Amino acid sequence: MALSGLFLVVFLGQHFTINLASVVSKDSFNELSHFMGNNPLVQFILQPILIFGVVFHFVMGFILELQNRSARANKYGSYKGSANASWMSRNMILSGVVVLSFLGLHFYDFWVPEMNYKYIEVLPEDPTRYYEELVHKFVSPVRVGLYVVSFFFLALHLLHGFGSSFQSMGLNNKYTPAIKTFTKIFAIAIPAGFVFIALFHHFNAL
Amino acid sequence: MNLTLKVWRQANTTTKGNFETYSIEDVSPDMSFLEMMDVLNEELIQKGIDPIAFDHDCREGICGMCSMFINGEAHGPDRLVTTCQLHMRKFKDGDTIIIEPFRAKAFPVVKDLAVDRSAFDRVQHAGGFISVNTSGNTQDANAIPIEKHDADRAFDAATCIGCGACVATCKNASAMLFVSAKVSQYALLPQGKVEATDRVLNMVKQMDEEGFGNCTNTGACEVECPKGISLENIARMNREYLTASIKG
Amino acid sequence: MGTLNSNIPEGPLSDKWTQHKSNINLVSPANKRLIDVIVVGTGLAGASASATLAELGYNVKTFCFQDSPRRAHSIAAQGGINAAKNYQGDGDSTHRLFYDTIKGGDYRSREANVHRLAEVSANIIDQCVAQGVPFARDYGGLLDNRSFGGVLVSRTFYAKGQTGQQLLLGAYSAMNRQIGRGKIKMYNRHEMMDLVVVDGKARGIIARNLVTGKLERHGAHSVVIASGGYGNVFFLSTNAMGSNVSASWKIHKKGAHFANPCFTQIHPTCIPVSGDHQSKLTLMSESLRNDGRIWVPKKIEDAKAIREGHLKPTELGEENRDYYLERRYPAFGNLVPRDVASRAAKERCDAGFGVNKTGEAVYLDFATAIVRYGKEEAHVKGLDENDAQLVKKLGQEIVRSKYGNLFQMYEKIVDQNPYETPMMIYPAVHYTMGGTWVDYNLMTSIPGCYAIGEANFSDHGANRLGASALMQGLADGYFVLPYTIGDYLADDIRTGTIATDTPEFDTAEKEVQDRLEAFINNDGKNSVDYYHKKLGKIMWNKCGMSRNEKDLKEAMTEIKELREDFYKNVKVPGGLHEFNEQLAKAGRVADFLELGELFAKDALERNESCGGHFREESQTPEGEALRDDENFTFVSVWEYQGEPAKAKLHKEALNYEEIEVKTRSYK
């Protein structure tokens, strides 16, 4: 879990960087997107790894959750979870499921059309189409709303998960407080950034 | 003070249990929680009701035998104490107190509030020791100096009393804090390093077989641990386990 | 049954053990596999013996009534374990440890046993360190020591305030290794109900599974009792709630003699009783007396004002405090042995100087130590030694590092901060030096039945020194019994497995069954605790810290009456075949009700003051204990004759070859 999680955190950072480019410059966004969409290394090596990472992470998440639930067959009549652990740490499955549903939407929005464009209909290459596609998606307020909610849950997921992955890999020493602070900032800043980008394009398109 | 107690009653491992409500009067704030239970039991015996079974022995917070889940927390609302050291001054007149056994698949209920924690013993049988013969022919105790820092940390890990509050409190019923405390104690001492690889692999394997849940680092165990065993131990065990797995 | 032969080997004292080991019979490794040994109890003695016997190759079956061997009450020992290592270079030696123990025991222990204990003590520390016991260390990485009551050297090894826990977990880990190898079969939540004797030899036990209530028969070639002491006969003691005398008492009734039952240690530093609901007393380690000073107010009106809450102890000036131990015993001061410290506290409280609501408490004050440590620390750090606030803060940190967990425990129980206000303490029953009589090989008067640790009587005489119980438990279990038992078992290599379908087992099980049924079917009105508390009151008031003929005679009659009432009117709820704590407790209290009477009889018989046994008829004009060596230099060994009052006294003479018997003085 920890390794796949950390891998996904890295991917998230990279995704964010490219998205951020869309706010700064239309051309550089198109350029980066085109590279990601057509570079064979990215397409045929990194993309499958990423998909594997995502699938592994959520499948394992569900398996662990099932195991953990069965480890306490009889539930407590009164269980004060908030007395000793954060909401985030106790509800990773919930925040995870929200993020996973969002991934479904996200795939439907971008990845499915992209695959359709490139490999099924095999339409001609156009290195400048990406920005318009992006902006187009953020016109609908419902979709933007879903984005905002999803990223809020992603933040909750990261607030526990990012720091926790270091502990799982055996890292707990004098640097731990610093690492924890960093992961907390990351967990809030990156999803907030994604939200900002979505809102930016939404309001620009009005 | 006067209290209402909702206590889990269960005749034995196989029967279904339920909560029963009892009221108790004139509880002194200086009483320990278990002394309050003694008073209740005395009343139940007089009324011809089967007294409530609960585990307890030393009543000074060190044997690890007492094990109640009180108002949603292992060993009750106070920190760094076992139930036997919890005093009634932590409660208010008129309070309702919910008392349950430690719940986990690996800790079946024996009766009422008493549970079977022999899963912990079996994890220890799998490797919770240093393989040294008790022949009396060991080397002098001061032959290997041990850095005070390491000795102190080994001691801190070794203070675990095996009460099971970590399992009881963990939302996943994970035994990682208990197992890691033992693994850590030995991993930190030169005497224990020799068989560190096998120890961690065997103990973790047994832990998994006992049906404990997985660690998701919520940190609840550390908060509820009556001896304040640190999460650092879990990280250390993860480290030891990774290294051991690579080594085979 | 059994004559009183202590089997002490010939030869000079310091060679006895070595020579004995070389001369006794051994069992070959191949034959050990054919021999079964039962161990009852998993404290330091039982756990270490089980582990070592299993390691030697015997098939061991170990029983404990708790849910895990690790719960045994040795775990609660706080202060430390003595060993004649002389790591501090302060003049310690095997001989000095031996001498201190004999003197501390007020010349009522067996010389040869104590010398052996001192000899093997150093080995225990080596063994424990090899097992990963995390003893306290200094910055150089070597083992640290501290000093304890009644001695002039620092020979006590410790692990903060949890030495017993760490040593027990060490022994438990050695057991785990053998359980994992299948050499020990562990029976948790099982209680020994009776000993089975076949042809005069101990051949097994009847045990009860406390979860199912089922009676079980277990045969073995030898039975080892390691079930601890009987301090709970007082109801309130520092023992665990489950600690009991039953195993020892059952073997006593089958022919094992009981020695010195009246030798009880009242520990001076326990948290005072707070009310009638009290179920047990909590000990504060004796190590606190290293730095704490014990006092009561000098003026009786100040004591009264404190009791009524008009005056705080911190408001009382130095000139109005009576540091009575320092005043009476200038050489040892606050570090006098336990019996002396306890009696002195009782004397002050009886005279009206007690400081809590019940008038039964004295102060243990750390203010002086905090200032002393604070100044040292300020000096080391180059800070201002005259800054009182700073010194206090630094001093508190040092005290916290030494006794933090004890202070925390005190605060949790009493709800007062001992860093700011002195602790209140009062003596409480803690340890029983008396126990099953054993010979040099630790065998009781029943062949094949052994007693080790606190359950036997041999090493501590009339008073045990601090940090010596852990030493004795581990010495017996790791290094003595595993050798000496071979001498007996060597004759058993052709015996074969002990059958349990014999008339002896039938009878024993039937007796147990009848006893249990009688409890369940008794339509009484009083709970088991009702009787236990009553017994405790009689014991504490009439056989406690100070005893006299009249009280002891009354105690015997009252206990007998109480016992008769118990059998008539006790109410035991629940059934036979279930987890029934009340039923288990009823059996234990029944045995205490018999032991209590023998206890009083023994105290009555011993008309002298020695160690923890203080007879008011035998004291010096200053009120110090007065021993009567001419008439009482012996072990009182009681043979069961159907009823405690009828027990027959045998005397084992104590001969001191190496040591000159002197008046014990700590002035």
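A, B and C label the chains in the order they appear, each numbered from 1.
Note that in this section a residue touches a chain if its C-beta (ideal position, glycine included) is under 8 Å from a C-beta of that chain, and two chains touch if they have at least 3 such contacts.
Remember, predicted model here, so these are calculated numbers, not experimental data.
Undergrad: How short can a path of touching chains from chain A to chain C be, counted in steps?
TA: When the steps are counted carefully, the minimum from chain A to chain C is 2.
Undergrad: Centre-to-centre on C-alpha atoms, which chain is most distant from chain C?
TA: Ranked by distance of C-alpha centres from chain C, the top chain is A.
Undergrad: Find the most central chain, measuring centrality by the gap between its CA centroid and the centroid of all protein CA atoms shown.
TA: B
Undergrad: Taking each chain's centre as the mean position of its Cα atoms, how many Å separate chain A from chain C?
TA: Each chain's C-alpha centroid was found; their separation is 63 Å.
Undergrad: Centre to centre, by mean C-alpha position, how many angstrom separate chain A and chain B?
TA: The mean C-alpha positions of chain A and chain B differ by 38 Å.
Undergrad: Chain B to chain C: how many Å between their CA centres?
TA: So the centroids are 26 Å from each other.
Undergrad: Quick check: in the complex, which residue numbers of chain B touch chain C?
TA: 11-12, 28, 30-32, 34-36, 38-39, 42, 45-46, 48-51, 53, 55-65, 78, 80-81, 85, 87, 89, 110-111, 114, 116-118, 120-121, 124-136, 138-142, 145-148, 151-152, 154-155, 158-159, 161-162, 185-186, 189, 191-192
Undergrad: Can you name the residues of chain B that touch chain A in the complex?
TA: For this pair, the touching residues of chain B are 6, 8, 19, 69, 71-73, 77, 98, 100, 103-106, 169, 171-174, 211-220, 223-224, 231-232, 234-242.
Undergrad: Per the contact definition, I'd like the list of chain C residues that touch chain B in the complex.
TA: Listed in rising order, the residues of chain C that touch chain B are 48, 51-52, 55, 66-73, 75-76, 85, 87, 120, 123, 125-132, 134-143, 159-160, 162, 164-166, 169, 172-174, 176-177, 179-180, 186, 188, 211, 238, 240-242, 274-275, 277-280, 282-283, 408-409, 412-413, 415, 478-479, 527, 529, 571, 573-574, 578-579, 581-582.
Undergrad: Looking at the complex, which residues from chain A come into contact with chain B?
TA: By the definition above, chain A touches chain B via 64, 67-68, 70-81, 83-86, 89-90, 92, 160, 164, 167-173.
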